[in-house]
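There's a structure below that I have some questions on.
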C-alpha cells in the first residue's frame, strides 16, 4: 500500500498550506521493521514524513478524542468506523475532521512473521501489491501477503472507509462472503469447563499493562473501571480471576462498538488473542440485533437503544 | 456436616419481581430458601459488574428478574436491560460460566405463582450444576 | 577464575543436577515467545533463544507478590495486625540470562538496597541467586548494550558467563558463587582454540551492534533544561499510555501496594505499577502532578536517562536490551529519544 | 352515599361506612386470621370460581392490606380474635354514618357486566364451561382461582379450543334492551385470546365469533392484526345462534355465517364477551342525586361538557357516563377533577395542613451507628425464624450499636421505642428486619423524621414476606434472616442522608394548538385561575371543528365552537396568539422558557407546564377518483356543504360512502375511529333532506361504538344500505358516460353490485403531521403513525414521559369532539397537579454525575426515558434531579462509572454482594 | 532483616473530631508493643504510614511532638478509601503505623534562629508538632522567637482550637490566627487570607527561617511575600504532598527529579525546590 504515500502527502500538503486543517494525523515510518509510529504533521515541512504501508495497524481514531483543532486523518476502513463511533459518542465532531480515506488491503501480522523467522534477525520488510518481502542477515523471502495478514484483516469485510472527505485511491474490492466467526463457533461448541480452561490459558500470560485497552479507540473513559477505588472490585494482581474479570468487562464495554480493528491484539506485548471476546459479542449483536458497529452516523450503539420485540429466548 | 447448599443472589426489581416475592409470601407459597434478594429499582439498574461481583464473592447462581416488557415502572428500563442481559449471559457462558448459573425472568407483581416456579427452577438447576468452580475470588497464587 | 566446557548434549544433565540443589529459572518457550520462568524439568530450559519478551526481573520482583497477610475476622485478637507472609527463599540459579539483564539487576539494586532501608524480598532473593549469563552471539538489531555500559558478553552482574560455541558451551566463573556452579559441570577445561573461538565470537558480536548512542552526554546536560525541552511533545504524541515499556523493562521497578480481602482473611500485595498510568500519581484529592501524558512520558525517560544518572552517578538506568523498542505498540523508540535528549541544542518550552 | 343536599360549592353528603369487623389501623395484613377461619364462602372477587374464608381480603394486592370479616358468612367462632396478636378483630363493629361537606361531587359509579343467565340458547346457567369474559379474566390471572393456569371449570383440564362470543348483552334488543355497543369487548376478547394462547401448553386454538370487529382505540388495530396474523387467533364473522353441550364438557356452537349458511363447530370452552350496563343500584342512586340519565341509563352529558351532569356541581366519569375503555375512563377522571377544580378554584389550598418536624440532625463526620430492630410480627416471623438469635447475630455486625426485637415493629408504641433508641444511642442508621419495604418503608421513615434523622438513613430486611412466610424449615429460615440482616446492615452503613430538592413551578401554562382540545385545556386552566398562553398557527381558533357539522350526539358543532371561542377570547387569563409558531423551548417541568414567533416577531414566554394540542388533519386521498371528479368528497368537504346548507344536497338521489379510506391499510394500519359514526350521521342527514335518496355505506367493520350504535340502528331503519367489502377487494370508482360508478362485491350475495351515486363521500383517515420539531422541543416521542406517545397507554393517557408536558386531542389519536374536550380538560387537570403545588418536591434518590469521570459518550442521554441527563456547556453530562426518577438505567449504562444513584449506589449494592 | 514495610500494631485510643464539617479527625494511637514505641524516634516534620488491614495505607504527617510521650497523634482528612474507613472506626480498634518516615524539618539548622511558621488548612499538623516541640521547656531556649501565622477558611475548620487559644495566651510565641471569612460576631482573631496577614504582620527575616505548609494557592501567594520580607530561598522550608505508597523511596511514584519525596523529603527548602522539576 506504499503507493498511497505520494497521494497522502499531496493531500496533506494542500490541506496544511491552504490552512484547511491545523494538522494531519497519519503515520511516519518506524524505526524497526513492521512498525510505524502515529504522527501528527503540523506544517508542510512535516508532510514528507507521512508514510503508509501495511504496518499501520494502530487505529488512529484513538488519537482524536477530545481534540480541539481541525484535523485531517488518514483512515482505513476500520479507522473510519471508529471515527463514526467517536462522532456518535461525542468524542469528536464531524466538521472538525477531514478524512483522507485509505482503501485498505489489510495489515501485516508482525507477530506471525516474527514467529516464522524466530531466531533470525529481520532487518527490513518490504511489500508490493501481492507480496511481502522479508530481508535480513542472509535472509530474503517473499510471501504472499494474504498469508501473513492480521487475522482481523483476513476476515475484514469493510476495507474501504465508510465516511471520508477524499479517497487516496479507488475503493478496493470487499469480500461478500466471509465467515468471520469460525473460531468463535469452535469455542461455542466446547463445554463450559473446556471453555473456562481455554480462556484461562489464553489470559494467564496477561501482565495487566492495559495496552489492549489503551490502544483501543473505544476506551476513552477518564477513569477505567479497573482503576475505580470505591468500590475497588477488581484486584490489580495477576490473579486469574482478576485478569479474566478485567478482560470480560473490557470486552463488554466494547460491545456493539468494536469494529474489530485489531489494535488490541497488535498492541499486546504477550500476544493474547483478546479479540475472541469482542468478536463473540460482535457475533451475538449481529445475530440478535442485526447491528454492525460504526456504519452509520445516525445510530447509537445497540446497548443504547432497543426494540420492543428484541429476542428474549433466554428469559423465563 | 450439612449437605452443600447453593447460594443464589437474586436481583429483583422493586416494582414487579420484588412485589411478586412479597405476594408469594402473602400467599404463603413455599419455595427453597437459598436465594438472597438484593432489591434494585429496575432491571435497568443492573450493572453487569454486579453479576461478576456476585460470582466473585462466591454466589453459585445469579438470578435477575424484572417487569414484563412494556410494564416497566420506568417505561423502558427493562427493554435496555434485556439487551444488556442477552450479551452478559452469552459472554459469561462463553468464558466458562455454566448456563445453569445465570437466570433471567420477567415476573410481574401479581405473578406469585410464577415467582415460585422460577425460584424453584433456578434453585434446581444451580443445585444440579454444583458449587461454583471458577470466577470466585480466592487468594491469588503468587509468591 | 575457572572455565569449563559443557557439551550441548550434556546440558540437560547439567541442568538436572542444578535442579536437585537449586530453584532454576531459565528461558522457556511459551506460545510464540520466550519468558524467563522457573522450570521444573531440565528440558524446559531453551538456551537457543534470542531474548525473552519480558525481562527476568520477575525472578526477584514478581509481578504480584504477597507482602503480608492478616485476618479481619471480628473479635479475633490478631485481627487487623499484619504478619509477614511465610516464604521460602531457596538458592536459585538464573540460567542463560542475557548479560544486559544481569547488568539491570545491579542497576536496580541501588533502589532496593539503600543505606536507610532494604527491601527484604528483593534483597533475600538477590542474595540467594546465582546468575548464569549467556553471551549474545547474535545481538538483535534493536540491541544497544554497548552504548549503555554493557556488551554482548559483559560479565557485569554475572556469576557465570556462558559462551555458545556451537557444539558446546564454555562456562566461565566470574565470582566465587559462580565457581560453585561451574563445579556442577563435569566437563573439562577449554583448550586454547575454543578460548580463542570465544574471543572471536565476542568481537563479532560487538561488531554487530551498529547503533552507538552518545549516552555519556546525558550526564552533562542540565536537568531542568532537559525537563523543559520542547521535544517531549513530539516524543509523546504517539504514546497510548499503556504500561508495556515499563513492564517489559528490566530496570523498571515501580510497584503498587494493594490490600485484598477474601471473606475474613486478607493479603497485602504488591504489584508492578507503571509511571505511564495516570493513577500512579493521582492524589486522593483529585490533584495529579503528572496528569498529562507528556508529563508521564517525560518522567519515564527522564527517570531512566537523567534523574537516575544524576542521583547515583551510575550511568543510565537502561541496559540497551531493546525490549521496549520491540514491544512498544506505537514504536516509541528509546534510542531516538536518547538522540534527541543528547542533541546539542535543546529547544526549550516557551 | 345516602343522600345529598345543598348545591354546587356547598353540598352536604350523608355517607355510611359499613363495618369491617377488623380494625384497619391495627391489622398488619399478616393473614393469620384467615388461616384459622373455618368458614367456607363464595369468593365473589374471583367470580365465584373458588371459595374463600369469612375473614378475608378481596385480593392479595389490596390497598390497604387489611382484612375484613364477612359477617353474613361468619359463624362467630371467635378464632380470629384469639389468634390475632395485634388485637385487630372488632366483632361489635357497627355501621357508621356521617355527613361530609363538599363543594363538588364526582360520580365514578361504574357499571355492572351483563348477566347472561337469561340467554337460554347460550347455556351459561347450565354449563360450567360457558363462562363470562370477566370469569375468564380471573382464570387467566396469576392471583385467580387457578393461579393463572389455563383450566376450564368443568374438569379442571386445560382447554385446547376456546371460542369467544361477542356482543353478549350488547347491540342486542332481542334478548335484552342493550342496543348500544359496550365498546371494550372486541379488544378484551382479542387480548384474552392472545394471553390464553401464551398460557397454553399445547397450541391453543382460539376463535372469536363477531359481527363487527371494533378495535378503534390507539394501537388496537395493530394488536388485532398481530393477533390474527402472528398469533393465529381466528375471527369468524357471523351471528351465533346457540351453544349446546356435547360430550366431555365440550360445547358446540351453531352460527349463521356471513353467506347465510348455518354452521357448527365444537369447542372445549366458550367465553361470552359480556357488555356493560348501569346497575339498578346506580340507577337508584342517580335518582336520589337528581341527575338525569340518558336513554340507556348512562349519565346524561353534552359534548361541550362531557363530564358535567345535569345537576350543577356534580360530575361524572368512567363507564357510568357511557361504555368506554380504561384510557378513556382515566381521561374522564382527570377531566372531572379539572371540572371540580373550576368550581372550587377560589378555595384552593384553604384546607391544607402541614406537619411540624424536627430539624434533622447533622450526622456528617459520624461513623455509622446502626440500630437493628427485628420484628416478630406476632408469630408471623417469630413462629419460624428464631428472632432473638437474629437479633443477637445483628449485634455482632460491623457498626451495629443497638439491637432490639419487637412483637410488632410497626406498632405505634414501637415507633416511640425506635425514636428513643435513635436519640439515646445516637443511632444514625436504622435497619428494620420485618416485612417488606414496599408497604412499610414510609412508616419507618416517618419515625426517623420524627427522631430527627434523615429518612434515607433507613434500610429494611424482608424476613417475613420473603422468608418466614415462604420457608417452613426454622433453621434455614433463621439462616436466611441472618444473611438478609447482614446484607441490610452492610448497605445501611453506607447510606447517606439525602435531600429532597424543591423545584419552583412557574405559574403559567402554554397550550399549543387552538383547536377544540387546546381551547378546552386552556379554558379549564384559566377557569381554575392559571394564566394561559394559547398559540395557534392559523389566523383563527377552532381547528378542524370549524369544518364539522354535527357532533355524534347531534349538537351543532358551530354553536359549541362559537361558545368556546367566545369564552376563550373573553377570559382575562388567556392570551391568544394567532398566526404564531413555537420556535424554541428550554427548561423542564415547572420551568419552561419558550420562544414564539408571530409575523417575524419573537416573544419569550415563561411557563410551568405545556399542553400539546396540535391536532391532526384529514387525508386527501389519491384513490377513488378523489380530486378528479367534483362529486367525490371527503367528510369535511361534505360537512362544509351541510354547514352551508347547500341546496344541491336535497337533490341527491344516490349517495355512497366508502369507509376506511387510507385507514386500516398497511401504510396506515390504524383505525381513524370517528369515520363510521360520521358516515352514518351524514347518511341520515341526506336521508333527512331527501328520504327517497338511496344511501349506501361501503364498510369493512362498522365501528359505531358505545351509544353511537343508536345512529347505526337509526340509519338502517331509515333505509341506509350497508355493504361490507374486504380490503383485498376494495370498491372501484370510475366515470362512465359522465356518471360516477362504484362497483363493490356484496358479501351476502357474493356478487358485484354497481352503484351510480351523485355524491361519493370518502371516509378518509385522520393523519398526523408528525411534528418532529415539537417532539424535539419537549423531548417527547412520536409513534410510527406520527401521533404523540403518551406516558402510559392505559394509566397515563394525557401525560408524557417528560414531566410537565401534557397531551390532548387529535395529536394523541383520532377522536370525537366530546372525547377531545374531555381530554383537553384532563390535560389541564394533570397540568394543574403540578401548577397547584407551586413547588415540587423531588426525591433525593436520583442519579448524579461526577463531571471528572464523565467521558461525554452520551449513553445516559440516549437511554433515559425521562430526558433527565443532558450535556452542559462544558460538554459533560448533567442530570436534572427534577426529571430523574431514580431508575438507575443510566448508572448501569455508564461505562465510565461517572453516574451514581443515591440510595442504590454502586458501593451500597457491592456491600450487599460482598456480605453474601 | 527488619522489614520496613511492616506496620507496627497500634490501638486507637481516642478519636477527636476537629472541624465542624466532620472531615478532619485526630487519632490518638498507642503502640501495642513497647519495643515498637521505643523504636519510633521522630522529629517534627516527619510522617508515618497509617495502615488499615484490608484497606491499605496512607501517609500522614505526625501531629504530636516527640516531647509528648506514650502516644502518637495524626490528624486525618476524609478523602479516600483508607481515610474514610479510618473515620468510621472506633476507639479500641487496632490499626498499624509504619515509620517515622521522611526527613524532618532541619532542626539542627534552626538552632539559635527565629522561626516563622506559616500554615493553612489541615496542613497544620506537622506545624503543630513543631510548635509543641519548640515550646517544650527542654527546647525553648535552643530557638529564638517563634511566630505562627495560621489560617483556615472559617473558624470551624481550624484545628486544635483549644491549643490555639492556649498559645494565644503565652508570651513566648507570637500567634496570628486568621480565617478567610466568618459571620461569628465573637471572633476575636484576624480575618484575611494567610498571605495578607503575613504581609500585615511582617515577621522579620533577620536570623530567621520560615516554614510554610498549606494549600497550593496559599503557598503561591505567600512565597512572594516572604521574598519581599527578605527570606532567601535557602531559609524557606516547605513540605511537599505527593501520592506515596512505600514511604521508603522504593515504589517510585513520588519521584520528582532526583528526589523521592517520601524519603528525600517531604521537607525541602525553596532553594531545593527551585532546582527540581515542578511536578508536585
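Going by the order they are written in, the chains are A, B, C, D and E; count residues from 1 in each one.
Here is the rule we use: a contact is a pair of C-beta atoms (placed from the backbone, for glycine too) under 8 Å apart; a residue touches a chain by one contact, two chains touch by 3 or more.
Quick caveat: nothing in here was measured; it's all calculated off a predicted structure.
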Set of chains adjacent to chain C and to chain E: A, D
Each chain counted as touching chain A and chain D at once: B, C, E
Chain with minimal offset from the mean of all protein Cα atoms: B
Comparison of C-D and B-C (more C-beta pairs in contact): B-C
Most distant chain from chain D by Cα centroid: C
Chain centre separation (chain B, chain E; CA means) in Å: 51
Interchain centroid distance [CA atoms averaged], chain B/chain D, Å: 31
Length of the line joining the C-alpha centres of chain A and chain B, rounded to whole Å: 35
Touching two or more other chains - residue numbers and ranges from chain D: 852, 863, 893, 906, 910, 914
Numbers and ranges of chain A residues touching at least 2 other chains: 223, 225, 230, 233, 235, 237-239, 303-305
Sequence positions of chain C contacting 2 or more other chains: 63-64, 256, 258, 260, 269
In contact (per the touch rule at the top): chain pairs: A-B, A-C, A-D, A-E, B-C, B-D, C-D, C-E, D-E
In the complex with chain B, residue positions of chain C that touch it: 62-66, 87, 260, 262, 265, 267, 269
Chain D contact footprint on chain E (complex, rising order): 17, 21-23, 25, 78, 87-90
Chain E contact footprint on chain D (complex, rising order): 364-368, 399, 493
Residues on chain B engaged by chain D in the complex (per definition of touch): 7, 9, 14, 18-19, 21-31, 33, 36-42, 44-50, 53-54, 57-59, 73-77, 80-81, 84, 108-114, 116
Touch list for chain D against partner chain B, complex: 29, 31, 35, 60-61, 65, 141-143, 147-148, 436-439, 462, 464-467, 469-473, 476-477, 479-480, 483-484, 487, 791-792, 801, 845, 863, 865-866, 885-889, 891-893, 901, 904, 906, 909-910, 912-914, 916
